[in-house]
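Next up is a structure, given as structure tokens.
Think of it as A, B, C and D in the order they're written, each chain with its own count starting at 1.
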Amino acid sequence: MVKVGVAGYGVIGQRLADGVALQKDMELVGVADIAPTLAVRALKEKGMPYKFYNSLPENQKLLEDAGIPVSGTLEDLVQQVDIMLDATSAGIGAKNKEIYAKYNKKAIFQGGEKNSVADVFFHGYANYEKGVGKQFLKLTSCNTTGLIRAVDCLDRVVGIEKVAITIIRRVADPGDYHRGLTNALQIDKAPNHQAVDLMTIMPHINATGILVHTPVTHGHIITVVATPKKKISKDEVLKAFNSHDRIRVVRIADGFLGNASLFRYARDLGNPRGDMYEIAIWEESIVESGNDIMFAINIPQESVVIPETMDAIRAAMEMQTNGAEGVAITNKYLGMGKWK
Amino acid sequence: MVKVGVAGYGVIGQRLADGVALQKDMELVGVADIAPTLAVRALKEKGMPYKFYNSLPENQKLLEDAGIPVSGTLEDLVQQVDIMLDATSAGIGAKNKEIYAKYNKKAIFQGGEKNSVADVFFHGYANYEKGVGKQFLKLTSCNTTGLIRAVDCLDRVVGIEKVAITIIRRVADPGDYHRGLTNALQIDKAPNHQAVDLMTIMPHINATGILVHTPVTHGHIITVVATPKKKISKDEVLKAFNSHDRIRVVRIADGFLGNASLFRYARDLGNPRGDMYEIAIWEESIVESGNDIMFAINIPQESVVIPETMDAIRAAMEMQTNGAEGVAITNKYLGMGKWK
Amino acid sequence: MVKVGVAGYGVIGQRLADGVALQKDMELVGVADIAPTLAVRALKEKGMPYKFYNSLPENQKLLEDAGIPVSGTLEDLVQQVDIMLDATSAGIGAKNKEIYAKYNKKAIFQGGEKNSVADVFFHGYANYEKGVGKQFLKLTSCNTTGLIRAVDCLDRVVGIEKVAITIIRRVADPGDYHRGLTNALQIDKAPNHQAVDLMTIMPHINATGILVHTPVTHGHIITVVATPKKKISKDEVLKAFNSHDRIRVVRIADGFLGNASLFRYARDLGNPRGDMYEIAIWEESIVESGNDIMFAINIPQESVVIPETMDAIRAAMEMQTNGAEGVAITNKYLGMGKWK
Amino acid sequence: MVKVGVAGYGVIGQRLADGVALQKDMELVGVADIAPTLAVRALKEKGMPYKFYNSLPENQKLLEDAGIPVSGTLEDLVQQVDIMLDATSAGIGAKNKEIYAKYNKKAIFQGGEKNSVADVFFHGYANYEKGVGKQFLKLTSCNTTGLIRAVDCLDRVVGIEKVAITIIRRVADPGDYHRGLTNALQIDKAPNHQAVDLMTIMPHINATGILVHTPVTHGHIITVVATPKKKISKDEVLKAFNSHDRIRVVRIADGFLGNASLFRYARDLGNPRGDMYEIAIWEESIVESGNDIMFAINIPQESVVIPETMDAIRAAMEMQTNGAEGVAITNKYLGMGKWK
């Protein structure tokens, strides 16, 4: 049993903890955060299924006043685990890394940290082997994680030369009050970092793209124009996507009208928090543009990185040294693909 | 065991079915709908925990093509139950009523139907006894249900003479594509129907109000200016709200910044679909205006009517003939108030 | 001719400059800002109808690189005017005040500054005489300005004892990217500052209220529950509102469905920027609650304070020492009420 | 002087009327609509700068009750003009066509009508000559009009083989209450009609694309991946766009952060209604993807078709039989490009 701790019990941290709890070959030792946030209050109301550690000593009284049982400090937690999942706010991970290094523990950082924090920039499908045995890994961000799933899927079938992507980005998560956009689309300087990140992970592919922020909370949509090494038909593309355990092909005709339909569906499935681990690709979005293939992906931003982070634990801890085996076990424990 | 069926497996119908399944003295016989909607597809993907009946014979093939196991028709379902919960689209309930009447079954309609469909317009706390033994009951709508909880709570303590309410209405549910509003507030002719409905249920109170639609999906907010029969302090008001099993007093200072915080919190609690049965009242919203008391309520529109509908089953079926007993049993099975 | 300068050429500053330019007894000397913002770039593209002064010397090169003709510094501008209108970001006005004081000039600050910046907290209708001859005045904020118009209007007719208000606040202006809210309502601690401000200006009235932010950009909506000193009928209320030159009574039945209808109508009128100086009150929103009167106001947040700021110039400069005369001349030059 | 009438005085019709009024070689005879809409009420409040005709006889009393001076029927208007601009709701144009044909008048329909309503599907830059002398023309829709401007611009420089577009569509106009979307992205079946329409107008180009609706009101954003016949540098692309009188190259660095910045800028320019005739292209969005060029366009949906409709009048009426001359005169009268 690999012992795992989570630092930062926010949107991603909560889901990482739940994801680890589902892995039968891992043990969740505890979670750490700095204040009695809503997530921490919910943990308490649920009866503390996970032990809680305080990352900010000066907030000890604040936590006690809120009635949160505290099992120790972040440093206490780190000493008990084999590997830490760091889902703290951008920049904090680099600071926490000193604690992880001090106790010679492994750690996996999320996409908000700089690449330099880690030994390898990791994606379960695209470069699993590079992460094997490494001490510090950094995951791709939510958009990049989902994008690479789809691009890697086609790359394995036909070889992909280049991609030009348009990211229609949700600007905040449900419940976010610290950021938002009202009745406006906002454009970023091109190329977007997701294209650059894809090239870091998959250096044989040329990638560029434009990102536009939109005032919604449920799922990014990415359109991809992919240039394959040789002509591939829409049917072959569809078959490839349908065979992938982390891709859910959906149809507008069935009622999947947009990102909000997928969120509703996940809620109706009874998935905790209405989360979905799979990206979705709309069957009716797949079109040919000369030899290029164009399609649209839905990225459930709150939960999409959970599977690849589980993969990263497997790689770093050498639980499986082969990528195909590693992702297969993650998929089994997360129940991915069982809906097919 | 009272046998219950649900007609209309949409936003409300799904939650009614789940609510019945939690009542240890009821049995959910099955649910009925007319097409392979996302909700019905999710039911299938979950492995059909509830039997499904087809309300629209001409859609039989459509359902079969979607792989939905069909256990019969709506009429088949009706014959097996003691009482139907009708959560179909507005106007359909009145038509379905003929089937319920044909088999001499009881039924409970939701707020979208006209009052004339039912023998009594019902609220679990405000007029339980009026529903006892009746054949056809109609529930108050989501806003009215939550509003009456709060007003009735104060009315029991001090007596309420009149209320002037402002409803800041969420305009669509998460995942709705058939209705919406973009960057606009929309005002309805005053007084709003919720004030009128409140007076129907609580005829001793004078009520009026203004309703403004807002482009959000998570929870209505209602401000209430209530005129009590005698002066009541903010502390007494707070104490009354805190004692109510279907009211959750929350604080901005704790991170409950608005309707979206409550939705996030319910998701983080692990509540199915991120639902919450309680209304919330913000402690920091309670102010005095002369002798009047003003405060703000959050109404989780998708799930708030579930408890009062369970009450309605209890009243109609004479499972409990006393209101206090009826609501207490509903609360126990739904786990309400256990968070205190 | 009273010589006027404007500091801060943003959403409010631009409209103040245009408002001054319409007053036949005032001269707009120039406007000042700190950078080549879009508003300043638009000024240039229009051919510099107003002289531009640079408030931040270190940005001189930035302005020149953008091709903006600069006529001098803020201090240069101040020396040429009789009175400054300060519409800079909150807190900057207090700093600029030192320059105004150094040259012994009068100044009018906007609602974002602290009350202590000024000798009097001013509203053209409610306390004009208090501003007469004063050096430093502070205007009420947009919501308070519009709210006081309506409350003062009724107060003159019947006497108002208390008001309980609900502010449904637009969270950003069209084009704002530095603030926003996405799919969420946000509640503030009660009572809101507008109620407190109303009591400062109209100390004989008891006021309280709740403010809820909504993710829209066109106009706040305020519902008011006003307790008059004696019973007043809906018709009398309507007559009073209809007689006011800064209030536009509109009807849902005519197509004024909400705040966005008023914005569209002002655009269709050909008003510069689609602005409207009047508040609107919906005829169908006026209802009685016992002796209380309830109604809903629309506040065009970008432009509503322009008339009262013109009044403030008149009072401070003693152009008219009588409030009724002062506001009448403002109204004449702004064309208010001519639509009736 | 070519005599012009406008049928349908809504979002587009009002702007067509204003556009015609600016053409020194045209005369606006009048506008027609069916009811006292807000636009018609605004026309009245402005003092009837345009004569109004009633298209729906049974609404005569309704119009009179609203105080709208009516100069006759639609048929009266048609008889006085050389050409009608039909901007009625989709489908009505086809009915009105019978009246236009009856009096042997020319007409220009907007993008909502079916192609079959017209003799030619028209764009001022891409196929002006095809419209010369024709009786019935149909304009491209707002997205297609703007898209073709940009693609045609590059096509003239280097030759374009194919384009793959992503339309990030604003879902409603400011003030629309009859349609909307709340916190959701919605995807349409690919390819979108704009790509198909582009191929109808420019049959030598292969086009496809995906359209996603977003809950905003100010301007569509389109990303274009264009495959040129030979390599073209970013600088050459920029030079081409900068030379076009209907394209405004803008920079994020200058404050143009998205569609809402362009709307604000047009308001600040003092443009009537805050309209802009030019499409905008972000300089920082232009990137190379292999030999392909990718960039992002802003489409001001309410006003973008006005110039091309003026072109269509010129073509249909043979005012200029050469496209370059026709568009140049339109541009002169609309003041396009003068900002450079």
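Rule of thumb we're sticking to: a contact is a pair of C-beta atoms (placed from the backbone, for glycine too) under 8 Å apart; a residue touches a chain by one contact, two chains touch by 3 or more.
Keep in mind that what you see is a predicted model, and the values were worked out from it rather than measured.
Colleague: Counting C-beta pairs in contact, does C-D beat A-C or the other way around?
Modeller: Looking at contacts between chains, C-D has the larger number.
Colleague: Same residues or different residues: which describes how chain A and chain B meet, taking over half shared numbers as same?
Modeller: same
Colleague: Mind checking the centre-to-centre distance between chain A and chain C? Centres are C-alpha means, answer in whole Å.
Modeller: Centre-to-centre distance between chain A and chain C: 47 Å.
Colleague: Give, as an integer number of Å, the spacing between the C-alpha centres of chain D and chain C.
Modeller: 35
Colleague: Give the residues of chain D that touch two or more other chains, as numbers and ranges in rising order.
Modeller: 174-177, 182-184, 186, 215-218, 257-258, 260
Colleague: Could you classify the connectivity of these chains, where an edge means two chains touch, as line, ring, star, complete or other?
Modeller: Shape of the chain contacts: complete, all pairs touching.
Colleague: Show me the residue ranges of chain D that touch chain A in the complex, using the header's touch definition.
Modeller: Those residues of chain D that touch chain A are 161-164, 166, 168, 170, 183-191, 206, 208-210, 212-219, 221, 223, 225, 227, 252, 257-260, 282, 284-290, 292, 294-296.
Colleague: Which residues, counting only chain D, touch chain B once they are in their complex?
Modeller: Listed in rising order, the residues of chain D that touch chain B are 171-172, 174-177, 179-184, 186, 215-217.
Colleague: Help me check something: in the complex, which residues belonging to chain A touch chain B?
Modeller: 14, 36-39, 41-43, 45-46, 66, 173-177, 182-183, 218, 254-258, 260-261, 263-265, 267-270, 272-274, 339
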